[in-house]
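Before anything else, here is the set of structures, which you'll find just below.
In the two complexes that follow, chain A is the common piece, with chain B as its partner first and chain C second.
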Partner chain A sequence: MLDLLVDGLSNGLQLSLIAVGMTVVHGIAGVLNLSHGEAVVVATVTASVLLSLGAPLPLALLVALCVTLPVGLAVWAITRSLSGFDERTRGVLGLVMTLGLALALHGSLVYLFPAANYSLVLGTLQLELGNFVVRSSSLVALALSAAALAFLYLVLGWTRFGRSVRATFQNRDLAEAMGIDVERIALMTVLLASFFAGLSGLIRGLTVPVEPSRGMELTVLSLVVSVAGGMRSIPGTAVAGLVLGLVNSFLAFFVGTYLTYLAVLLSAAILLRLTGAGRWAG
Partner chain B sequence: MGRVSVQAAAVAVGTAAFAALALLTESVYLLRLYSVYAFHTSLGLAVTLLFGVAGQVVIFTGALAGTSAYVASLSSLHLGLGHAVAAALGIFSGTSLGTALVWLASRWELRGIQVGILTLLASLAFEALILGNRAVTFGEVGFSVVDPLTSSGLGTLYALRAYAVAGLLLTSGLSLALLRMRGGRLWTLFRAAGEDPDLLRTNALDPVRYKAIAAAVSSAIASAAGILYVYSTGYVSPSTYSVAEADIPAYLVAAIGGLGNPVGALLGGAVILALKELTRAVGPASVAVYGLALLSAFAIRTRARKGARAS
Partner chain C sequence: MRSLLRVEGLSVRLGGSVALREVSLQVGEGEVMAVVGPNGSGKTTLLKTIAGLLRPSSGRIVFDGADVTSLRPSERSRLGIRLVPSEMEVFPAMSLLENLKVSWESGARREPFEEALERVAQIFPWIEGRLRVRAGNLSGGERRMLAVAMALISSPRLLMVDEPSSGLSPKSLSAVLGSISSLSNSGLSVLLSEQNVEAALRVSKRVAVLRSGTKLAEYEVSDRTEVTELIRRAIWG
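After this line comes the complex of A and B, so read on.
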């Protein structure tokens, strides 16, 4: 049971990392990035393949994180091409275009990396804590996820860049009037979101094998977290990710992954209704 | 002769020529291409109406075709229903589901992005339900379907010809019907419901009603295409109706043909058919090609729209 709790917390923090990126990009650019989950998979698959080819671990991780940046650049190019349109048009066109990008990445991944799954399992050491047994990789993933989320929180909450992001997030026009270069902030934010999605993919690869075709599932999960967090709240998104990770972990254990997946889809639909139209762009 | 009449005449002549070719050819491969064309073009027309005109981002068109195909095939297989009743039940199921979903989204006052997400979730749920209930649906493998024409004693080649012509008539008939609708009152109301619902409300008209009517017509088109495709290919499997294999090509058909342009969708369908055949050899990478094509088509449209606004 403790193993489930650790896995749930770790999974939840990883979802938070992905979803915060999705929330911030939506807040700043008015585009809901449906290719976000693919960046997670790109990082895991790249690192796993490089490790299997004999690359040193730090190099494999660094390259994997760098590979997510072109994905971010592509998303930024989409958001930039939609600037000047009204909120609704930008939202709708952005949704369709990022879906196209997601499929382009999905098809390429499945074609280029046909193996069933990829992981970064570095060892299967098990730790005994009283009556419970916990995998060391789960604890490492939990610690890394917590550290990454804390770092992201510090960046967004306490730096000049973070203040600019929040200002643009809350009112783009006013931020621009106050001298903030909103285009540069948008670019950096999208790249930061991709970077953290990639980081989450690497952490995820420590505990579970990642299939190249699972990008859309991760996008949907982070979408659920973003919606549950209110779409406009970064702390709300982080908390929602944690809750969903725990619920997901326990539900999958007791009722199976199939019903858990359906429950997640249903809860996402209900959350859409509950959060209402007011908080959304587009 | 007005522009609409020229377009209608071109569609009629093209349909007659391709129908004649279908009746003369003995190539099974060519006749199967007609079915693929009819399927994707019909879904593209459904998207053109709902997205291009009524402004509803619905990523559920493939699942609607799949719902109708599965309901018809499974009710024949498990319940022993006749083909006509099973097909009617399939079309009714798909149409009701699509209408209900858009009606619900409109009643909840969901906005563009949210409708897109809701329908994407519904598509994923459809896929999960098909894959998760193997005992009934045979999971990802799918199953063979006995079609009404060959089961009534018609030879395979004649049945394929009949389905090819039926597909052509369905797509060109729908295209002409929508072309006739364009510029009419209902078309304008569909457009207003998507672009400016408040305008309708100030004129004592209910936007939810017009979005639901557009969804009903669009879902009926997708459902009919699903049934025709399953009978013409004699097989039903979930991958045919997935977002990648059905919805993305449908959006491509609509984007290439010009959003809201029913005649353009006929040409968009031809482009998709060519794309499908050209990428057949690369297997899963074809999904990447569709994705890139969708991205490029919308990027070009977006740039053109910006240019038009600037000038």
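After this line comes the complex of A and C, so read on.
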């Protein structure tokens, strides 16, 4: 049970990390970024390929994170090109354009990296805790995800940049009226979201092999988490990711993976009902 | 009186129709001026254009002798031009302290935050005891006063308040207008947009009348009853 709990927490925190990026970009730019999951896969594949070519670990991780930034820039260019449209049109066009970006990234990944899967498994050490056995990679992933989320919490909660992001997230017009440079905040936020998507890709690669074609699945999962968390709520998204990650891990073990996604969707609907969309805004 | 803001022949088009047509006005240093007119007359458009949120199709905006027409809202804010919008004027999920801090950070920051907070708390003493309260939990009048406090903490030189009477009880309106009046005594220039003529005239020295995006007239406020009648005639004929 302990190993399941650790796996569930690790999985949940990774989901939170990916989904928070999607929530923040939606809140700041009014666009649901359907290419978000591709950035996760890009980072895992890049680091895995570099490691297999003999690159030192720090260099491989650094390059993998840097590679997600052009993806973020492309998303920012899309959001910027839509800034003259009303909210509804921007939302629809944003979906279509980021879907186009996702398909382009998906096609490139599948074509350039034909291997079945990529991972960053750094060893198979297992820790015995009483009667339980826990994979060390799960513990490392759990610790890294928690640290990344804590860092994000500190940045958003306690820095000038974070306050400007939350202000723009809550009321872009007012933020602009009071002199916040909302265009600069939007650029930095989209890049930050891509960076965290890449980071979660690296952490994910520690625990499970990642197929180059799984980007859209990750996008859909983070969309479900974001919606379950209230769509416009950063803390709500983080909590929803944690809950759905735990549900996913326990059900996959007890019921089987064939019913897991259905159960996750049901849990998301219950969470949404409990929290109410937007109740935890900001 | 030295002019702080000069609007010259400002025209704005919104969605293909003309929202402002060659409007000109001036606000002096330490002066309170009001722009009055019925709904849809272009008052909010005028204030938003001065703040940089809308782009004029022609005309120019001169602030403290410099042409600021092409500057972005953030650049105008740092020069001291500050708008208090009529709706959604605070960040509801943030505490009062965070609202004030984010506003101070985006302004000119001419003094340390603690000093600025103390200065604003002298005008709105109730704020000091409720700094940890979420802004979304405030009443309508309190939110309006917090919005003015947020603008003031950034040390503006020109404060623009859009519809200060909007949604306020008579008591809250008196408190907001009282604070605006005392601010002008300390040298701050204020430009109000207001549908409620009576409220506008309680604090303004001069008033401009807008209808359908056109400036119809401008009056010195000496006798409030007389000016109210002049405004009524200018708008409704």
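Everything below uses one rule, namely that the second predicted complex is superposed on the first by the 261 of 282 C-alpha atoms of A that agree within 3 Å, B and C clash if a C-alpha of one lies under 4 Å from a C-alpha of the other, contacts with A are read in each partner's own complex, and residues count from 1 in each chain.
The definition used in the following text is that a contact is a pair of C-beta atoms (placed from the backbone, for glycine too) under 8 Å apart; a residue touches a chain by one contact, two chains touch by 3 or more.
Computed from a predicted model, the values in this text were never measured in an experiment.
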(message) According to the stated criteria, A:Leu272 is in contact with first (chain B), second (chain C), both, or neither; which is it?
(response) first
(request) Tell me which partner A:Val92 touches in the superposition: chain B (first), chain C (second), both or neither. (result) first
(message) Just to be sure I read the superposition right, which of the two partners does A:Gly198 touch: chain B = first, chain C = second, or both, or neither?
(response) neither
(request) Examine A:Arg160 and indicate which partner it touches, taking first as chain B and second as chain C; both and neither are also allowed. (result) second
(request) Identify the partner contact of A:Gln170: answer first if only chain B is touched, second if only chain C is, both if each is, neither if none is. (result) second
(request) May I ask you to name which of chain B and chain C touches more residues of chain A? (result) B
(request) For A:Asp181, decide between first (touching chain B), second (touching chain C), both and neither. (result) second
(message) So in the superposed three-chain picture, is A:Gly27 touching just chain B, just chain C, both, or none of them (first/second/both/neither)?
(response) neither
(message) Output the chain A positions appearing in both contact lists, the one against chain B and the one against chain C.
(response) 280-282
(message) Per the contact definition, I'd like the list of chain C residues that touch chain A in the complex.
(response) 48, 51, 53, 72-74, 76-78, 82-83, 85, 88-94, 98, 101-103, 105-107, 150-151, 154
(message) Under the definition above, what is the set of chain B residues touching chain A in their complex?
(response) 55, 57, 59, 108-114, 116-118, 120-122, 124-125, 128-129, 132, 243-244, 248, 251, 282-295, 298-299, 302-303, 305-306, 309
(request) Under the touch definition given earlier, write down the residues of chain A that touch chain C in their complex. (result) 160, 163-164, 166-167, 170-171, 173-181, 280-282
(request) Please name which positions on chain A make contact with chain B in the complex. (result) 32, 34, 78, 81-82, 84-85, 88, 91-97, 99-108, 110-111, 114, 216, 220, 223, 227, 258, 261-262, 265-266, 268-269, 272-273, 276-277, 280-282
